[in-house]
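Chain naming follows the written order as A, B and C, and within any one chain the residues start at number 1.
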């Protein structure tokens, strides 16, 4: 129990009201819900495009020994990627303005709220939104016939885990960002992950580069979601989940420490 | 009721004497100069979008997915008998130019009116709205060309995408960029907030990127979707670039595509001048 | 002790090698309006941030409501109201939402937060703008909203860091009026300012800060009595002639200050001093006799002006 607690950074342990931060986000998006709704379409477009376009050109692919059509193969990867993209957006763009420009967090910290509340609250919001997207995306996958197992439901917690890993690392990263121009670099991190995480073709296609897949956090996410929606899970999912959890806590440590230094100096 | 300034500027631009045209060019070049100065501050991240990202797409989609596509003989024939990466690559010139130009014409244009008020400052000098728009157009055209050229350089890295036709594809992509940039600039200049821009990216630019003929033949889409895709400038740009790099350019078809792109640019320019005037000369 | 909500002894704040606050002592009485007067960079804001529990002190003692900010930040903050120097309203929310969510940060129930929000909007005369986006408010309105927000938890002490900097004269007077009412309700006000008129208007007691140190302490009146004469004669000569005119005026009044744009003579009887100057043949372009202000106190203590 004590060891389990020690994984959690000290300022996070003192958090008492992170839910207030989420309440604030709900208040903001109550008026701009259209932004949230529209965010759902991008992965859906990718899914449709795969189905009508590339799917016809590619044909069938094999996943963990099971042969499936290309859309079934790519759909879970798109689901995982959209969990990553959403979490990165929520924890970087969305946080940066409040951190550097509007000074929202300075105002929050003048109340009984602490750094832990801010950190957990913002990550929590990213996860909540991720949960919403994952659920709707899964529904779309079912309607497009790209789900083949009741285990597909496990794809939702898998996406939340992906969101947790990327949101906390995004939060850590945003504390190093100086200006809006720096956001031009965010795709440098997310795009290679998106393209090279066994997203669009099986890990076997990577040949001698295959071991490199292991360092891509999205690869672990894709593997988790894909084994859920295609119903081909095995013990390897434990390894993938551990990787993402470790990444989440790493981000939590760095992020909360950096925020503490930036806001309470 | 139009102000005096409005009428004067309208008359100079409607009956252009040779001197007036010379002055407009001269003025427009000042605007371009200013834009390029601003561009210097962010050129690094733009190298990223125009060089590194296409490179990754070629490697990731072209080669990786290509290996899966090339297994099927029927697919290769659907692509006109070429390998998938060879088919995909030229499309990236057009899509990149589209994305770069449309970005340049959304936030920066609104910033010029609202946040930095550069356009208001410019119009307080001898520059007139039409000069500013022309300068913007030249700049956006340059940016499109530059980004398409960066993609072209990236494509010379892979033997399967290397082609002398890239030299011709770059200006085609530039036209395609402008054909997006100008109408978008006209729209952006009418906005008070940037709230519509992300929606524009999500519901226009991204779908065109995915369904606009760059990644697979348009024929695979439902008929209605095909018509929509053909209405937008992107498909015409993609077709031109692809014909150029595959050395399959036919003068007649190419002329139609180019004319269609020019029409978008012309309509966009006129509309942009109109909305700039409305904002700047009150 | 119970009647001194804030007590500091040897309070020090270092940022690297830079000493922002240099071992200051002060205590603030319940119900008073206490001011930190000083130019930019004097250490006022750093002191305020330490009191607000958002900046850990480097050394010294600081007791707020008898609690230590490094251990009981949340409990202290629950009883403070803070108006930061830079407006940090939540621009993504409306006027009333700003107050309600702030109340929620203090664990108020939603109904109670709404009730207090309505009451406070009335108090700062913003009821009609309740549904507006914060972005659309004027500078003065934003400031008033920030003050309303700082009151949502019914604080015992309100910290105001340069409350009227950047506001036009009318907006300042409205704000001063609201702050005065708060004081009458028994709220302790702690404010920083580099405006001597603000300090004179609002503060019962103040400390003058310079270079991270406290250089004087007292009520505005006693500070003026102790550190300046009753009257001041301001003489303006032609450009570059202020310095040259000084020797001829030597000995008039108690003290003389030569500034780049004017010459000040401190005297208990200003009119007499002015006549003496004329008698000695001084021909200034303009002459003015006025009462001493905190500005003069500051000039005397530091050799510099408050606002540069």
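Keep this in mind: a residue touches a chain if its C-beta (ideal position, glycine included) is under 8 Å from a C-beta of that chain, and two chains touch if they have at least 3 such contacts.
Keep in mind that what you see is a predicted model, and the values were worked out from it rather than measured.
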| item | value |
| --- | --- |
| Pairwise touch network: line, ring, star, complete, or other | line |
| Centre-most chain, if every chain is reduced to its averaged C-alpha atoms | A |
| Contact-richer chain pair (by C-beta pairs counted) among A-B and A-C | A-B |
| For chain B paired with chain C, centre-to-centre distance based on mean C-alpha positions, whole Å | 55 |
| Gap in Å, rounded to a whole number, between the CA centres of chain B and chain A | 32 |
| Rounded Å distance, chain A centre to chain C centre (Cα mean) | 47 |
| Chain C contact footprint on chain A (complex, rising order) | 16-17, 20, 23-24, 27-28, 102-104, 106-114, 263-265 |
| Residue ranges of chain C in contact with chain A within the complex | 15, 52, 54-56, 73-75, 77-78, 80, 82, 84, 86, 88-93, 97, 100-102, 104-107, 149-150, 153 |
| Footprint of chain B on chain A - complex, ascending | 32, 34-35, 38-39, 41-42, 45-46, 48-49, 52-54, 56-59, 61, 70, 181, 184-185, 187-188, 191-192, 195-196, 200-201, 205 |
| Chain B residues touching chain A - in the complex, by the definition given at the top | 41-42, 44-46, 48-49, 52-53, 56-57, 59-61, 64-65, 67-69, 71-72, 75, 78-79, 84, 195, 198-199, 202-203, 206-207, 210-211, 215-216, 220-222 |
